[in-house]
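The data blocks that follow each hold one structure.
Both of the next two complexes hold subunit A, though its partner changes from subunit B to subunit C.
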Partner chain A sequence: MKIGYYPGCSLLGSSREFDESVRAVAQAIGLELVEVPDWNCCGASSAHVLDHKLSLALPARILAQAEAAGLTEVLAPCAACYNRLASARAELVADPAAAAEIAAIIEMPVTGRVKVVNVLEVLDRFKDVIREKTVAPLGRKLACYYGCLLVRPPKVVAFDRAEDPQSMDRMVTAAGAEAVPWNFKTECCGAAFSVTRTDLVARMSGRIVADAVRHGAEAIVVACPMCQSNLDMRRPEINAGLGADYQIPVLFITQALGLALGLAPAALGLQRHMVPALALQPSATV
Partner chain B sequence: MSRIGVFICHCGENIGGTVDCARVAEATRAVPGVVHSVDYKYMCSDPGQSMIKAAIREHRLTGVVVAACSPRMHEPTFRNAVAEAGLNPYLCEMANLREHCSWVHEKGEVTTAKAVDLVRVMVEKVKRNQPLQPIHVPVTKRALVLGGGIAGIQAALDIANSGHQVVLVEKSPSIGGHMSQLSETFPTLDCSQCILTPRMVEAARHPNITLMTYSELESLSGFIGNFQATIRKKARQVDEKLCTGCGLCTTKCPNKKIPDAFNEGLSTRGAIYVPFPQAVPNKPVIDKLNCTFYKTGKCKVCEKLCPTKAIRFDQEDELVTLEVGAIVLATGFKLMGTEKFPEYGYGKYKDVIDGMQFERLASASGPTAGAMKRPSDGKEPETVVFVACSGSRDRAKGVPYCSKVCCMYTAKHAMLYKHKTHHGKAVVFYMDIRSSGKDYDEFVRRAIEEDDVNYIRGRVSRIYEEDGQLVVLGADTLQNGRPVEIRADMVVLATAVQAQDGSEQLAQKLHVSYDPYHFFAEAHPKLKPVETNTAGIFLAGACQAPRDIPETVAQASGAAAKVAGLFSQDQLTREPQIAVVNRLPPPVFSYCVGCFLCQSACPYQAIEQEEIKGRDGSVLKTVAKVNPGLCQGCGTCVAACRTKAIDIQGYSNEQIFAEIMTL
Partner chain C sequence: MTSAPHPSTHGDTLKARVEHATGVKLNHCYQCGKCAAGCPVAQDMDLTSCQVLRKVQSGNPEWEREALRSEGIWLCLACETCSTRCPQEVEVPKVMDFLRAEALRLGVAHARSRDILAFHRAFMDSVRETGRLYEIGLVADYKLRSRHFLKDVLLAPKMFTRGKLPLLPHLITGRDALKRIFKRTLGSKP
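Moving on to the complex of A and B:
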C-alpha cells in the first residue's frame, strides 16, 4: 500500500525521531510513504491567526502538490499540520468560490480531493498486521495523550471522540501494553507558548505529567510533536514548578509500536529524548 | 340542464391586483351551463354572501362556483351561505384564484387566461356534483389517558369530574410519574409527595376512573369517537384482588442487589417490590428478569410468606380491548443520559450525579432519608457544584432546545443543599437564567441573595477526580473568561429533558406526528396546543415539550376540557366525501368483481366484504363494501380498482376526467 507523506517542518527538526519512527514502522508493516514533492510550511500556529486567506493558501498548495503527484491520501504525522491541512481541505470542499480564489493565489488547480489522515487513522488500518508482527509485547502501563489538535474540531477531524478519544488506547493495548484511564487525554499542553511563556507551559504540561504519573503510567504516548517537546524538553521547568522529580518518558506512538514490532531503539530515535526513554525497550528490566 | 352561477372575488388587491376579474366573469358567462357570472371586491363579506344567496333564488341556480381563495380558507363559509339559500352545500365548489394563480404569477394576459381556465374547470365539475348528506357517527363517551404522571392524573380527574368514564393506563407498577420522585417543588418549596399523593389516591378511588398500572398500549384502531384500543396488562405475578399490600413478600427476597429505578440507582431493591411506599396501587410486582425463581426454577420464598396466597408465578400478560372516544397522551419525559459527557466523567465518578438523583438524595423518602450524603462514601459534601444546561442548548453534543425546568430546579437544588448543610458551599455554573414564571425570578434571587449560592456565568469544560475530590474546571465569562477551578465533593448535572423512550413507536401506533426530538407535535403551535393532527387525540405535559408542573397541570386540564367538549355531543358529523362501491340492478349487482385489491390497499381497514344473497339465501356475489365510519376518503382504493367500481363521493372519476377534458 502507498500513501502520500507530508513530514512538515517539526519532523525535520526538533522531532526528528517522529519522522524516523514513522518511516521505520511504515517499512515494518509494509506501507510505502511517498513524500509530497516540493512541500511548504502548513502555516501552523501563525497563519490562521494573522490572515485567513494565507491560512488556506499554504495548506492548499500542499494539497495541490499532492493532487498533481496523483496521490489520493496524505499522511501528516504532526497534529498541527494535520489539523491545518484537514481544516483547509474541509473549507475548500465546502466553498467552491473560496477554492477558486485560493487556486488563483497559489497558481495551481486545487480540488481538495486528497484526503488528509493522521498517524492514528493510518495505523488503525494496520491493526491486524501490527498484532501479528508484535514480537515484543510492551507490557507497560501507558497514558495515551492525544492533545488538543488531533481530535478537534470534531466536525472536521471526526475520526475519534473529541473529549475521550480511544483509538491510541486500543492501539497500545493491541501491542501488549496497558492503557491507563486518566484525566488529561485532550488537555492543552501550552503548545507554542513554550517559547514566549515557558512558565505557563510548564504549569499546563506539569498537570498532564503529574496526572499520568498519579494514574500509574510508566510512559506517556503522544502523536503530536508539540506535545512531545513540551512534556519532554520542558521537564526541568515542570519539575521545578511542581517541586517534583518526574522521570516518566514521553514517546511517540510510532516509537512505542516500533518497540513492540522489535525495531532497534536507534532506528526509532529513542536516544533523542531529553527524558531518557531507552529503558522502555521491552527487553530491558526496570 | 345545469344552471351554474359563478362568483369571482377580487380578494381586495390579492386577486384583483393581478387578475382582471371583470374579464374572467365575462369569459365565464360564455361557458355552456353558466347562467350568471359576476365579480365583487370581497365575496366572503356579508354583502358578497348575500349576493350569492340572492342569485341562487333569482336565477334558480343548480350549482355555484366561487372563484376566490383556497377552499381551506372559505369553503365552509360559502357552503353555509349556499345551504342558507336552500341549495345542497355540496353543490358549491371553489376555484382557487389566489394561491393557485394571482399569488404565484405576474400580472398579465396569461395570468387572466389561467384564471378563466381554473373557473371553467370547476364549472365542469359542479355540473356533475351530486347533493350529499353529512355522515353522523356515534361517540363512545369513555376516554383513554396514556401515562399516569401528574399530567395523566390531572387529565383523568378533570374528565372524570365532568361525568365521563376514564381509563388511566400507566406502564410502571404505580402511578405518580416523575413528580413522585421530586423532593420539594419550586418556587414554593412545598413537598412534592404531599401535594401529589392525595391526587393519586383520588384518581384510584374515583368511581369514573379505571386504573390500569403496569400496562401499555398494544395497538389502536378506529377514529375520533370510535377508537378500539388494545392494552397489554403485563403480568405482575401477583393477584391484585387477593393482595392486601402488606409488603411481607418483599422482606425476604434473596435477591437484594437490583438498582432501584425509583431512587435513580442510588439504592437497591429485591425482585418482588413496591416501587415506593406511597405507590398507588400499593401492590407489589415481580421483576421477572431478576427473580431467582424465573432464573433457576427454585426459590418461591415470597409465595411462602404471602398470608393471602396472592403470588401467581404462572400469571401471564393479558390483552384487554377497550372502546374509547378520545385519547389523552401524557407519557412524559426522560433525562438525557450523562454518558454523552465524557468530559464530565459520568460513569467513572460516583459523585457526579444528575438532577433526578439529587432529588432522591434531598427527598425525605429517598435512600438517605433526606440527609445530604454523597453516593461514593456517604460523607456530607462540603462543596457542591451545579452545572446547568448539561446537554441543553448544545448543538454540538446535546439538543438545541432549552429544557426549561433546569434553571429553576438548579436554584432549588442549591437552596435545598444550603438549607441542609449550612456551612456548605454551593456553586452554580449557568449560561443565563431563564426564570419567567410567577414568583420564579424572585425564587432565583432568593437563592443568590439569601442562601448565598455562588452563581458563575460560564461553562464547565472538564471534571476530573483527584485525591477523592472532583476538580471542576470552568470559565467565568463575566470576568473576561477567567479560568475557574473548584474542588468539589459532589457535582450535579442538570441534563437535558428528552422525549420518553419509545415515543416514536407510540406516535406511529397512534398516527400522531412528532418533532425531530420525538416530542409529540401539537396541531398548531399557538391555537391548537393540546390537539394533535389526529382528531380525538390530545396532548398533556412533557410528552409534547419540556414543561414544569404548573404548565403541565394547566395543559392537562386543557386537554380534559377538549375531551369533555367532544363528549358533550351524542354524535359527530363528518364530511361525506368517502368511497362508495357502485351498485347496479341484478344480475350484475356491481361492477365489483370481488378481487379485494382495494382491501389490501386501504390504509384504514375500511373495506369489508359483503355477500349479495338470492331469495333462497344462496350467495350470488361477494363484493366490496366501504365502512363509512372508517373511510377517510383518501382515494387509494379508487386508484387500485380494476373495474372502476369505486368512486369518492364528490370527487368521482367522471368529475375529475371532466375537469381534465376541459383544459
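Moving on to the complex of A and C:
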C-alpha cells in the first residue's frame, strides 16, 4: 500500500526520531511513503496568529502539491501539521470563493480532494499486521497522551472521541502494553509557548507528567512533536516547578510500536531523547 | 459583571467586524462559562474567554477596548477545548485570532504580547526565506527580536549532540512562489 507523506519541519530537526520511527514502522508493516514534492511549512501555531489567509495559503500549497503529484491521501505524523492541513482542507471545501482566492494566492489549483490522515488513523488500518508482527510485547504500563490537535476540533478531525479518546490505547494494548486510565489524555501541554512562556509550559506539562506517574505509567506515549518536546526537553523546568524528579520517558507511538515489532532502538531514534528512554526496550531490565 | 451600558447600534462595532471576518455568531454565547472552566490558561488571563466574549458582545466602545487591550487574548493557545465543549458551538479561538490581529492593527496590543509576537514573527520569517522552519534561524531571530539572549543557551548543545539541531536550513525549490504568498497575505503588516 502507498500513501502520501508530509513529514513537516519538526520531523527534520527537533523531532527527527518521529520521522525515523514512522519510516521504520512503515517499512516493517509494508506501507510505502511517497513524500509530497517540494513541501513547505504548514504555518504551525504561528501563521494563524499573524494572518488568517496566510494560515490557509501555506497548507493549501501543500495540498496543491499533493494533488499535482496524483496523491489521494497524505499522512501527516505531526499532530500540528495534521490539524493545520485538515482545517485548511475543510475550509477550502466548505467555501469555494475562499478556495478560489487561495488558489490565486498560491498560483496553483487546489480542490481539497486529497484526504489528510494522522498517524493513529493509518496505524489503525494495520492493527492486524501489527498484532501479527509483534515479536517483543511491550509489557509496560503506558499513558497514552493525545493532546489537543489530534482530537480537536472534532468537526474537523473526527476520528476518535474528543474526550477520552481510545485509538492509541487500543494500539499499544495490541502491542502487548497496558494502557493505564488517567486524567490528562487531551489536556494542552502549552504547545507553542515553549520558548516565550516556558513558565506556563512547565506548569501545564508538569500536571500531565505528574498525573501519568500517579497512575502508574512507566512511559508516556505521544503522537505530536510539540507534546513530546514539551514533556521531554522541558523536563528540567517541569521538575523544578513541581519540586520533583520525574524520569518518566516520553515516546512517540511509532517508537513504542517499533520496539514491539522488534526494530532496533537506534533505527527508532530512541537515543535522541533528553529523558533517557533506552531502558524501555523489551530486552532491557530496569 | 454588570449589564452593558448603552449598547451601540453603530454598524462598525467590534462585534460586527468579528462576525464579518470569522462567521462566528457572538450572540450564540449565553455566558455559561464552560469555555473558561476548561481553559488550561484561564487562571493566567486578566480577562477569560467568556469575559472577552461578553465585552465584545456588548457593542460598548469602552468594553471593546478592554477586550482588545487584554493580555488574555494573547494567552489563548488555540487548544480548542472551549470550542469543543461549548454548548452553542462558538468557535472561541477564531475570535481570539481576529481580536489579536485587530489589537495590532489599532496599536493597542498588551505589552506582554511582545515576546509571543516576536516568536511567531521569527517563525514566519524563517518560513518566508527558506520554505520550511529553520530552527536555529528561528531561535536567533527570536533572540534578536525579544532581546532574551540567554534564553535556553544550555538546551541547544544538548539538542545538537542528539542530532536534533541541523546546522543548515532546508531550502525548497518554490521559494519565490512562497515569498509571493507572504506578500499577498501578510503584506506589510506589522
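Going forward, the second predicted complex is superposed on the first by the 286 of 286 C-alpha atoms of A that agree within 3 Å, B and C clash if a C-alpha of one lies under 4 Å from a C-alpha of the other, contacts with A are read in each partner's own complex, and residues count from 1 in each chain.
In this text, contacts are C-beta pairs under 8 Å (C-beta built on N, C-alpha and C of every residue); 3 or more make two chains touch, one makes a residue touch a chain.
Values in this document were obtained by computation on a predicted structure and should not be read as measured data.
Trainee: Subunit B versus subunit C on the shared subunit A, clash or fit?
Mentor: Subunit B/subunit C on subunit A - steric clash.
Trainee: Between subunit B and subunit C, whom does A:Ala57 touch in the aligned arrangement: first, second, both, or neither?
Mentor: A:Ala57: touches subunit C, not subunit B.
Trainee: Go through the superposed model and pick first if A:Cys9 touches only subunit B, second if only subunit C, both, or neither.
Mentor: second
Trainee: Just to be sure I read the superposition right, which of the two partners does A:Pro181 touch: subunit B = first, subunit C = second, or both, or neither?
Mentor: Only subunit B is touched by A:Pro181; subunit C is not.
Trainee: A:Ala97 contacts which: subunit B (first), subunit C (second), both, neither?
Mentor: It touches nothing on subunit B or subunit C.
Trainee: Should A:Arg214 be classified as contacting the first partner (subunit B), the second (subunit C), both, or neither?
Mentor: In the superposed model, A:Arg214 contacts subunit B only, not subunit C.
Trainee: Between subunit B (first) and subunit C (second), which, if any, makes contact with A:Ser45: first, second, both or neither?
Mentor: Once the two structures are laid over each other on A, A:Ser45 reaches subunit C alone.
Trainee: Return the chain, subunit B or subunit C, that is in touch with more residues of subunit A.
Mentor: In the superposed model, C touches more residues of subunit A.
Trainee: For A:Pro154, select first, second, both or neither according to whether it touches subunit B, subunit C, the two together, or no partner.
Mentor: After superposition on chain A, A:Pro154 lies in contact with both partners, subunit B and subunit C.
Trainee: Which region of subunit B runs into subunit C, 81-89, 477-485 or 495-503, after the two models are superposed?
Mentor: 477-485
Trainee: I'd like to check the shared interface: which positions of subunit A are touched by both subunit B and subunit C across the two complexes?
Mentor: 154, 163, 187
Trainee: Show me the residue ranges of subunit C that touch subunit A in the complex, using the header's touch definition.
Mentor: Checking each residue of subunit C against subunit A gives 21, 40-41, 44, 75, 77-81, 83-84, 91, 97-98, 100-101, 115-121, 123-124, 127, 131-133, 135, 139, 142, 146, 151-152, 155, 158-159, 162-166, 170, 172-174, 177-178, 180-182, 184-186, 189.
Trainee: Okay, in this complex, where on subunit A does subunit C touch?
Mentor: 9-10, 12-16, 38-41, 43-54, 57-58, 61, 105-107, 148, 152-154, 162-163, 186-188, 190-193, 195-197, 200, 204, 233, 271-274
Trainee: Which residues of subunit A touch subunit B in the complex?
Mentor: On the subunit A side, the touching residues are 154, 161, 163-164, 181, 183-184, 187, 211, 214.
Trainee: Would you tell me which residues of subunit B are touching subunit A in their complex?
Mentor: 341-343, 348, 396, 462, 464-466
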